[in-house]
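Here come two complexes built around subunit A, the first alongside subunit B, the second alongside subunit C.
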Partner chain A sequence: MSESVKLDRDEVLKIARLARLELDDAEVALFQDRLGRVLEYVRELNQVKTEKGASVKHVPRDAVSIREDRAIEFVDREALLSNAPAQIEDHFLVPTVIEQS
Partner chain B sequence: MSLRDKYEAVIGLEVHAQLLTESKMFCGCKNAYGAPPNSQICPVCTGQPGTLPVINQFAVELGVRAALAIKAEIHQESIFARKNYFYPDLPKGYQISQYERPFCTQGKITIGLSDGSEKEIGITRIHFEEDAGKNIHKGDHTQVDLNRAGVPLIEIVSEPDMRTAEEAGQYLRTLRTLLRYANVTDGDMEKGNFRCDANISIRPRGQKEFGTKVELKNINSFKFVEKAVDYEIDRQIRATETGEAIVQQTRGWNSAKNVSEVMREKEDAHDYRYFAEPDLPPLVLSDKWIDEIKSELPELPDQKKARFESEYGLSGYDAGVLTASRDLANYYEGVAGASKDAKTSANWVMNELLGRLNAAGKDIVETPVSAKNLADLISKVQSGAISGKIAKTVFEEMFATSKTAESIIEAQGLKQISDPSALEPVVRKVMEANPGQVAGYKAGKVKLLGFFVGQVMKETKGQANPGLVNDIVKKLLDS
Partner chain C sequence: MQLREFTIERVLAGYRKQEFSPVELATAYLDVIEKQNERLGAFLQVDRDLVLAQATALDARKQEVNKLPLFGVPIAIKDNFLVKDWQATAASKILKGYKSPYTATCVEKLESAGALIIGKTNLDEFAMGSSTENSAYFPAKNPWDTSRVTGGSSGGSASAVAAALAVGSLGSDTGGSIRQPASLCGIVGLKPTYGRISRYGIIAFASSLDQVGPFGRSVQDVASLLEVISGYDRNDATSSRAIVPHYSDHLKGASLKNVRIGIAKDWLEGIDDEVRKSFDEAVKLMVKEGAKVVEISLPHSRYALSTYYIIAPCEASSNLARYDGIHSGFRADGVTDLDSVYFKSRGKGFGAEVKLRIMLGTYALSAGYYDAFYGKANEVRKLIQQDFLTAYESCDCIVMPTSPSTAFKFGEKSADPIKMYTSDICTLPVSLAGLPALSVPSGLDSQGLPIGLQFIGKHFEESHLLKVAHKYEQIRGEFPLPSGVDY
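For the complex of A and B:
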């Protein structure tokens, strides 16, 4: 690619905030460059001629994606609970959050 | 001029309804309320890496039923989208929803208002979604139950067509009735199966532009829909009148304090970064499939009401009352079918049963008097086994104890006395006790006939067959 895309500082901070990440100044600079490279890659993909091919926005429409409404129990819920960092009383334990939705 | 006349409110509602499926939207976990925490979870609905969602066919069919019930346009192709946000009850970090291309748009429902008028409320769209789990706040920590995560939902977004709290309340009730009729949702607000957010703004009457809207959340009971909406309208009017600007924000209804409180300001508004869900193909609804769903659509309120008028000969008003909910309509049909007297059945259900249920704060499904038992009671009046007056006493006892009419009549000896040889001595006794009235009757005061009939009814504690008493009194007085 010829010119490199660089995100401005505020854009990086906004994305970091949406991702619940705290970045220091060095990291902001790092991601201005890294996220820019992601955008560059997407721009490159956009140049591929796809008029004749299927849409790549989502998987093909004939993919198997529908099922009968039948309950099937998953037996190993312990495995799912233990995949989280902490548990309490059969619940996933997380730091206190303020209800907002 | 009151301030309410100076301003007009503009209200739109967003309703989330859980669908009555056996399993979740994209996995095989059970969709059931009240199970032990995290007992209905699997790798898909807990967002484990490498899992893929698979659409529940019946959930789609229920969504289409909802679309048919509100006479909306159904799109042959719709697309699932990811709504991205971080919250502990959303394990994937995104909710699968529909955004730019929902499966249903442009519906409408007609609501009835207390002044007798009707109003049509537009419905912008219905789309599919998966529910989030539940955060339980415990002071020093929060714990998460994911049983609800992935439960199928439809979100029904209305046009900003409502102008009063009453209209908002009626819209919500009518929509719920329709969806319950179509077996789409059980519509239980208290259990959170049916949830409502309101977008409310005010503007000076006559102004075309909308005012700044406030989103009101936590309206989780039918009991305070109107109260919550009314409070928010008043709050905005007061603020505007005192020169305070309305700010775009999300407020929550506090039903303990009867006020709305700020939940978040616009600066905190979510940036959901929607994009097409790459794990799911477009949802394709063929005409054939839609026709099949249409053919299985249960009878809706309007159709049922029309049928009650033609099949049972009920008035429009009576048919309307009896079709207010599917459960009530089924109950009525049970009584009418078993008693073979549609009109009398309607009177009993409307005049005796509904009033008592209301007073007791009970729904028809909690009625202590079964349809069969009420039909039996009606039959006993028809056959002359008991009088209409006694029947009301018996009914009261049936309502209080759930016992059958037969057992109450038996236990209390309330059977109607229709045997002339049992009644004649009573009539003679009454005549002997009232010689003055007997003389009066014979002298031409025929109206005294009613006096004698009344005395005999009193003597027999209302059990005498009044028609027969009338005949005997007349016969003996005239002889």
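For the complex of A and C:
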């Protein structure tokens, strides 16, 4: 972990860009403070002696994660599409992404 | 109808004796919810037509009351569960108006058992929070004192059961989101072993931690709900194939004789005096019944908060990447190109705490940081889990307070994220270890607010855990309801 956890404005904006979040100025200031506080706090983990690469087994010991690879048709296409903010026929509608030549 | 006295068994008995019909009971609950919800903010959606349609269908199947274990029992569902035809907003603006295209497996199981889905309950946005103040719509209020929080994130589900607006409810628990509100609202709430219940149809927050669980007024009711909703599901690869016992039958003849109760002394630091006193009294009661106290040590649990606040935000930043302003829910106005659809919709659609956690996760997972944050946190998580497994070599069950304090006032902790996060200090280690645990009310503090006692079991040994908690509940005696719940 980095030594300093004081985040400057540009760092917050960079993280927001990676996370695809538009922030206003007040939010940038708020997150400078809050991100800094949390990152400062979690630095304590550096003190803990751990085994490199160790992790808990998330999957219960008897659960077999492999099952028959069989496609199941989801019949209610309409229900899925109707939740989209904009749709046309059987498609999700978005602003133009390819410039016309 | 004395709704405040209704348990699952009482409702079934009422149907058998034809005291009321499903439509009559549903109507009684709908009327009370309509009157009380403005005061409590427990429900985000109550749809009279959807409820009465279910009740009418049950009316026509009256003879099945002896076959279906939850016939016509009103159950509330947290609004991050999908239930076909109902909304599922996860209390976020980004999912405003989202209508569930299918039903979560655990809710399907409830419906097959005859349950009546009475409404969708309030929560912290995307289950991120410990007070339900982060709901994008309105906060849920504690029925014991409406100037105080319910706890969270499943605050609406806890408030609804505590105020007798539903007989039982479902919540989700990622770091304490069932146990802590159960404690603050004076009811029973269980987080089962990770993998016990399918997560299919639950809006994902942190997938290696999220688990579904029931709320009820008694351990008996929680056991009855658990046996219905548990089990393997092909749609959730992490769901367990372990057989589902009849938990509620196993409660008969429960005893504390020679049960070895583990207590971690160092974990009791930082607990409020009155909570500590109630805990000590509860342990004394259990010892009187034949339980043996074993001192255990969970040295790495002191790092649970840091571990959790790396792992959960990392997983959340990935899970919440799907909210793009295209496939579902909200799209911001004034978008001109694809990037602005993403940036503006997510920027305006998510609340502050959700954005904070997405950014924490994004930062911790960004190039060059993965090993130092997510990798390191997973290594510490392993040590936290190992401490529990070692402790269980000398004890059968661990007890500790559920929450370091009773219900706090609105706004009291919302300005400082670390202060808020510490409300889950007693529940986080258990979540990281994937263990089952439940909160049972153990008393009231001097202000008349409920205190919760947490029982923690071994992986997939809910049956034993429920027995111990049930026996404790019996020796504790009747627990009061909040005043004002006298409809």
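Quick note on the criterion: the second predicted complex is superposed on the first by the 65 of 101 C-alpha atoms of A that agree within 3 Å, B and C clash if a C-alpha of one lies under 4 Å from a C-alpha of the other, contacts with A are read in each partner's own complex, and residues count from 1 in each chain.
Note that a residue touches a chain if its C-beta (ideal position, glycine included) is under 8 Å from a C-beta of that chain, and two chains touch if they have at least 3 such contacts.
Please read all numbers here as calculations on a predicted model, not as lab measurements.
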Which of subunit B and subunit C A:Phe92 touches, first, second, both or neither: both
Subunit B versus subunit C as contact partner of A:Arg20, first or second or both or neither: both
Partner chain(s) touched by A:Thr50 [first = subunit B, second = subunit C, both, neither]: second
First (subunit B), second (subunit C), both or neither touched by A:Arg9: neither
Superposition-derived comparison: subunit B or subunit C, residues of subunit A touched: C
First (subunit B), second (subunit C), both or neither touched by A:Asp69: first
First, second, both or neither for A:Tyr41, with subunit B first and subunit C second: second
First (subunit B), second (subunit C), both or neither touched by A:Leu80: both
Contact residues common to both interfaces of subunit A (with subunit B and with subunit C): 18-20, 58-60, 62-65, 67, 74, 80, 83, 92, 94-97
Subunit A residues within the subunit C interface of the complex: 1, 12, 15-16, 18-23, 27, 30-31, 34-35, 37-39, 41-46, 48, 50-56, 58-60, 62-65, 67, 74, 76, 79-80, 82-86, 92, 94-97
Complex interface listing, subunit C residues touching subunit A: 98-99, 101-102, 193-195, 208, 232, 234, 237-242, 300, 303, 305-307, 309-310, 317, 321, 324-331, 335-344, 346-348, 350, 352, 355-356, 358-360, 362-363, 366, 369, 372-373, 375-383, 385, 416-418, 432-434, 459-460
Complex contacts: residues of subunit A adjacent to subunit B: 14, 18-20, 57-74, 77, 80-81, 83, 88-97, 99-101
For the subunit B and subunit A complex, residues of the former touching the latter: 21-23, 28-31, 36-39, 41-43, 46, 48, 53-60, 79, 84, 86-88, 132, 135-137, 139-146, 217, 250, 263-264, 271, 273, 276-282, 284
